[in-house]
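Some notes on the structure that comes next.
Each chain gets a letter, A, B, C and D, in the order it is written, and its residues are counted from 1.
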Amino acid sequence: MFRFERDALKLLPEGAFVRRTDVRFQDVDAAGIIFYARVLDYCHDAYVDFLARAGFPLHEALSGPWIAPIRHAEADYLKPMRFGDRIGVALVAAHLEPAEEPTEVTIGYRIARIGDGELAAVGQTVHTFVDAATFRRTPIPESLRKALQALST
Amino acid sequence: MFRFERDALKLLPEGAFVRRTDVRFQDVDAAGIIFYARVLDYCHDAYVDFLARAGFPLHEALSGPWIAPIRHAEADYLKPMRFGDRIGVALVAAHLEPAEEPTEVTIGYRIARIGDGELAAVGQTVHTFVDAATFRRTPIPESLRKALQALST
Amino acid sequence: MFRFERDALKLLPEGAFVRRTDVRFQDVDAAGIIFYARVLDYCHDAYVDFLARAGFPLHEALSGPWIAPIRHAEADYLKPMRFGDRIGVALVAAHLEPAEEPTEVTIGYRIARIGDGELAAVGQTVHTFVDAATFRRTPIPESLRKALQALST
Amino acid sequence: MFRFERDALKLLPEGAFVRRTDVRFQDVDAAGIIFYARVLDYCHDAYVDFLARAGFPLHEALSGPWIAPIRHAEADYLKPMRFGDRIGVALVAAHLEPAEEPTEVTIGYRIARIGDGELAAVGQTVHTFVDAATFRRTPIPESLRKALQALST
């Protein structure tokens, strides 16, 4: 299973796909900063928007021939995010494997505060594409593969 | 659609069904108290436990002949709940209608801090039982009806 | 404490303040529709945006002289909302009391599916303005009061 | 920053600290399994319980001399968890560094289904202890350090 280096993700440009959002009032925890797991919620929201723009709206894909469950997720927290912060969640990289007919993708995320541009977190999720009936690995559909590959260029 | 009076709910005894829980670290909001909608999450958690004890585990009922969507929910917030508070969420009342072959139930909740017993909130949810295939109203199964009626005695 | 009639909320026009959002992948429950309490999250998100546009960003107000805790919230669920639905959450009404120097506001919400316009839910929240130090009722700041009153015209 | 190997976490015994919980109705996503970020919520719930048992209730620690923000979190998903599953979330390991006067701890988690014992996920969180005023690294209090070290024995 491929993973990006945290420092590599930090250095990547924001790139083409960014979802802007506010840190929500209810996503803060008793320590007054965003609850760490909610950062992954925001990454997933950006992933959902990316899929829709790539022509694979997730709510339609869920009733289609393949599913792509997450088998790994992680995040590094660099600066606290607070209610009132506006952030951009960017999909900055995608690594597909195997090179021939890839069935798995690792997506890298970069979260920065809008305004001062301060980098707040990086993250990554690993999605394995499987046949919805047999649960055997299945190739990532070609146009989605191309949209993912475009994230890293 | 039947609704309980807020003051009536406040006066009811805790009764037979109470789910004890901690106010979670991540359920607090940027104002430092429990986010108001999470109180309904806690009511639903108690409802799920009640159904299981009544012999109708919700995860099994979901694939059965009826469903019971919520068509109204409300809560009154009397005292702030904070991270570190331990609370009891009690199902204190159930009103079924129509009297003959009821198809709808209004469940009343009472949430109090454990320790000093201070009343923190009251709430209610209205569930309509419908056939899972036709969406027509269907009578509440008898043993569940009896378990619900027992809440008000 | 003032409350709107459910049927009155249903008939109100969408009005000037609408926050558009997608039903999130993670806000659906095991029955496949939006978890009922999340509808109140979406109402609060719209309230936060309204406050910001009215010149009272909540993250700044939280460190100011007044707070406005919610002492009642409710929602009526008319049509199920599912992942993939795009919805508009409108603030459609505000009732302030007492008439002279109001200290409490009931805000009405109307949630409709974008596209077919189907009404999915109505809701309301009651906010009491109190002095952040003494917890005594304090008048709603004039410009905020005017922004709230404008919701009902 | 120390990280456990995924396969090492999988092989560890459940050990002394386990928090049992149900997969909640509202923590499932539109694909019908637990939303991946909620698994980290459950890990944090277990961490909060562990801290309380170790004599450092987090709600009290939050107003004390140190804080311990999370700077990394990750999880590997091995089997889907569904509403109706009852799970045990175990703290199975803790790595402290530096060896002399440690200021950072990596905690390993193991989540298994109760009943058949099937391993569903492993995870880890990295907490850095800092002075609440200066944000400089500060040693982990001795009795907490001992409670953490006891997780790995």
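Everything that follows uses one rule, which is that a residue touches a chain if its C-beta (ideal position, glycine included) is under 8 Å from a C-beta of that chain, and two chains touch if they have at least 3 such contacts.
Because the structure is a prediction, the values reported are computed rather than measured.
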{"item": "Most widely separated chain from chain A, with each centre as the mean of CA atoms", "value": "B"}
{"item": "Chain centre separation in whole Å, for chain D relative to chain A (CA means)", "value": "23"}
{"item": "Between chain A and chain C, centroid-to-centroid distance (C-alpha), Å", "value": "31"}
{"item": "Centre distance in Å when chain C and chain D are each reduced to the mean of their C-alpha atoms", "value": "36"}
{"item": "Multi-partner residues of chain D (at least 2 other chains)", "value": "25-26, 30-31, 35, 37-38, 41, 44, 58-59, 62, 82-84"}
{"item": "Category of the chain touch graph - line, ring, star, complete, other", "value": "complete"}
{"item": "Partner chain D, residues of chain A touching it in the complex", "value": "30-31, 33, 35-38, 40-41, 44, 58-59, 62, 67, 69-78, 80, 125"}
{"item": "Chain D residues within the chain C interface of the complex", "value": "25-26, 28-32, 35, 37-38, 82-84"}
{"item": "Residues on chain B engaged by chain D in the complex (per definition of touch)", "value": "22, 24-26, 41, 44-45, 48, 57-60, 62, 82-84"}
